[in-house]
């Protein structure tokens, strides 16, 4: 049996990966916000493997000695896009975004807390429209609910991960933020110290392997083993 | 309170405003519903009863989602309200709506419990003295259920102060507009080492709620002293 | 129920188990606390009162965090319980603990409201007939507060069925172990387009809670019919 | 007829079937525990809509099942004194008393708050809450509360049963004055023969939900056949006028030319009185007795002799002062050969006439005044 | 002394300061509304710990402020009949009645459930809930409930005030039998002279929280100075034995060699009775009267003549049958020259003796039996 604590936004793809992981091992994945899970692991949660959506928390655990040394891998990468449920016209110039908004709202994940929000703020600043759109910004507790606002049409635009945009049929990608406009989006994975679960090591290896990679790519993730 | 940042101060005052209006608006409706549930029987009573309890039963996120679909900018009720200038979507009024709805079952339950324990013969006595239904309600029923009102309002207010899931799902989190204390606390907790600022906010929100609680206790005791004495027993 | 996946079925049965045990364990403690708050005065009463209300006042995530710190594998109480084989951390028992604590203020408030409305002279009548305090409590007080018990237990059970924030923060979201219905709903909602499976679960959890609600209403009405009649008024 | 009541109602195993009509004055519902008195009075108040029937108060139909009339209680303008007080626990005595005043139509509103408070001995209690009152005090407040709501009809369900005799004696006159001065019709439930004799204009006797007898108080009380108030309570009412108040504490009355002495009563000279002479307080003598400590000796003729189960016979006497009832043992009746037509003397001890049982029915200047309008 | 009560208690503006001791039998607390009767009885029951004082029941100290003794109510073994019933609303009549039975120590437990139910006329009500009972029915259940808890001491706070006369007459004997057969001491609050006269062994008269008079019932009732039951209630108790029951419904008694006839009473031949003769029912004659419908004529000598405010004087008479009180007008007293020492006749109408006021004090085989132990 392997207990995995994984960022909630990975639920869809990890389920498929587990499906193709054809061993007798019982993989149990607890999904939640990276912050919650990192805290739980810090306080002794029985997790074998942690896949975070947030580098900060992984580093935090590392500092506390909760990770098996050198087991941390930047498993996946992702892109950042502007989506809309109502507007299909691709954006040509980021500078035109304030005009496109025209009293409509733009939803981000919380910009001071959630990684997706932090990336979004960086990106909007980088493309030089942050100040112009700040009045129209709505923040949601996480990126999934930002997506949901756009998908239901409650908010016209949302900044979400590329993978989310791909999975949600009701939204269209209006614009794609340039690679360098925000810190790299990373999903690091690591073994938790003191567990010594060989099956977990095996599963992590599988995640890093080609079969899993094809699933990840199919969902829009970038596979990052080569980074190291 | 210089140890709270400006955004945090905003969150505190917003939370108070939201909880206050949520409770204030929920109260008369809750009273009516509680009265009807306690005293009348009519077809669809169980439906109404179920509806009232729904926010307690549903995960808050789901309640928020339903609110978004109904009262959101594209929702049926939302567009109607917007048209008459009472739009709530992404406004603090929306946060109050969400908070009020989440507190509603707690309010109604407490009121109903009190109404059911009122000796209806006292109301009849008032009627024979010439008091109309409304007047009986105001001068006899209402004072007699005061302990229930205090409990219900308190529960509703506390819930409104602490409500997070439905609020953020419905009106998101716009600092100064819809960022209530719990949203701020949530945000703070997302960052490693955010426990300290979060705890400051927790202490803040807890003090407010505990203050309300103690006030209500004090009030309730005064009421009880007045009504009570019930003959000989208090001292035993 | 073939339309629920195995994990989902697990979540349903786990939620029922958690809510059941949470309510069952909270009830006697809640009754004691409600009784003490309603009837006794002692130094520190307001402290106890505040403590009871804390889970209502605090954002659930904070409650969950506190539980994690205290009852977690590294927490003081957690290590103690673990030592005697009663560890709750990241077990369903922990989910029950979280759910019970979140429902506790609702339970206590309803019980207390009822206890306060009992005519203490009836208890005195029982005492003069030879009944000891305990017996008076069991045969007079308890039956008289039955409506409050029903309300309190119902609120507590419903809250326990719907509790999410504290539970996921305390015991995480491990399928088959700590993944309750609301956690499963949360997880389902994380997948884009996950609204449909989430709604199935919502319908499931709502039906269970509404069923409990209707049972309690039915029970309450039977009790009321028995006690009631209060002379002449029911027909008016 | 002020009260027109026709009721059929079933509750549990109890069947009520009561119809009666009663003029102004006090209509006493008399009957033992569980006979349905409270059920009738609640129906009149509108607190219990009966299964069948019709109720009119002073010609105003307040309930008619067939025509679907059912005036709500607060529009019936009935003052109700409940069997168990039912004070508002959250209001103090003053507030309880004033509760109904606001609804009293101006022209029927009592101005006499202070007087009623004083009369009921409530002065010192005004700031108390009901929880701090003794049983009797509570009931006095309940009476005051109903009086002050300025009702057109007063309903009283055993209002005095929690009171001691001196209080009863103090409060009873107020019911009489409601009846006589304010002309407020009263429907009064009682199982006390004293109260019945004292107050009743009309008596309605209930037994197990059926009406056993109804009629003017004089008739019902003087009817040797029906002794609704129990055999001990049998007695007749006679009418007399005040002649003078003597220094030794006696009041001289005249009834049909016969002088009667009774313990001092409050009526002015010339005032009309009603007094009740209990059957067991009348002694029969064949010749005018001498050397007896009894002041009232009235010539009489026996109209009827009625024997019951007990050791006594009830004699109906025709006297110049009015009809009287006398209760003597069968043994005495035989020994003295008392039969219909026997001429004899009715001997009535002055002190036997209960001040309760003397009732001023008409007097010009009542004191203290209760003003109406 | 069974009851030893010493109380000082202040509630609101009311000050209670009452000490009395009373032997077995019925101790009646008598006083008007608000005089503190309920406060005393609650203190004895343990429902209201008085500010100061000491209470012992049959030598058992249940409360002593100084020594810090305060036995809780359920260990005091007192049966309490409340002024307002206080039935358990969630239990039906049967369950209410049986509530206390379980706590009755086996040796004091009544076996007479059915009999008490029957006697109190509750057979048809056993499955009802208190909400479905009339006022009197409730009180009957409350009495039954207390009786069935097998108390060592019975406390009753105006238990009969909600009952009609026939019911009172039915239930009063049970209090007597509790007193006489079961030897259960009873502390009884009442403001009814009838009940006082009928039941009291000892009388404690309360006024505004102070004790006005306390002593054996015979003394207090025969004391022309204190007429605790109100002037109308003055009367003396005489002791007599049953001689025979006559066919015409009279019972022949003998008291101090004097024959007296009273309406049939239930005592067997030879049984000792106590009867109360009301002062206003005694007529004084200077010579033995003839041709009078009155059977009981007893030679008497006037011991004292006491005039009060009213029109009457109270005569204390010495007769072979025992001391009597007679109440006559001043006018008659003067006319007949009644002074201390005057020899005269006391004329007592048979039918004037209330069956209420005859009281079998000792009899071998009571029926229906209440078994104890």
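The first chain written gets the first letter, and so on, giving A, B, C, D and E; residue counts start at 1 in each chain.
The rule we apply is simple: a residue touches a chain if its C-beta (ideal position, glycine included) is under 8 Å from a C-beta of that chain, and two chains touch if they have at least 3 such contacts.
Per UniProt, the chains are B, C = Molybdenum transport system permease; D, E = Sulfate/thiosulfate import ATP-binding protein CysA.
In this text the structure is predicted, and so the values were computed from the model without any measurement.
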Greatest separation from chain E - chain, by CA centre: A
Chain whose Cα centroid lies at the greatest distance from that of chain D: A
Interface residue identity across copies chain D, chain E - same or different by half: same
Distance between chain centroids, defined by C-alpha means - chain A, chain B (Å): 36
Distance from the mean Cα position of chain E to that of chain D, given in whole angstrom: 27
Where chain A and chain E are represented by their mean Cα positions, the distance between them in whole Å: 90
Between chain B and chain D, centroid-to-centroid distance (C-alpha), Å: 55
Shared interface positions of chain D, touching two or more other chains: 38, 46-47, 73, 132
Of all residues in chain C, the ones touching two or more other chains: 61, 65, 119, 121, 124, 186, 189, 230-233, 236
Multi-partner residues of chain A (at least 2 other chains): 148
Residue ranges of chain C touching chain E (in the complex, touch as defined): 119, 121-122, 124-133, 135-136, 139-140, 143-144, 146, 223, 226-231
Contact footprint of chain C on chain B as seen in their complex: 46, 49-50, 53-54, 56-62, 65, 105-106, 109-110, 112-114, 116-117, 119-121, 124, 147-148, 151, 155, 158-159, 161-162, 164-165, 181-182, 185-186, 189, 195, 198, 202, 205-206, 209-210, 213-214, 217, 224, 230-234, 236
Chain A - residues contacting chain B, complex: 33, 35, 38, 56-57, 59-60, 105, 107, 110, 112-114, 137-141, 145, 148-149, 152-155
Contact set on chain D toward chain E in their complex: 11-13, 31-34, 38, 83-84, 124, 128, 132, 134-137, 140, 158, 161-167, 191-193, 230, 232-233, 246, 248-250, 261, 263-264, 280-281, 283-287, 289-295, 309-312, 326-333, 336, 338, 347, 349-352, 354-355
Chain B to chain A touching residues, read off their complex: 65, 68-69, 72-74, 89-90, 168-169, 172-175, 179, 183, 186-194
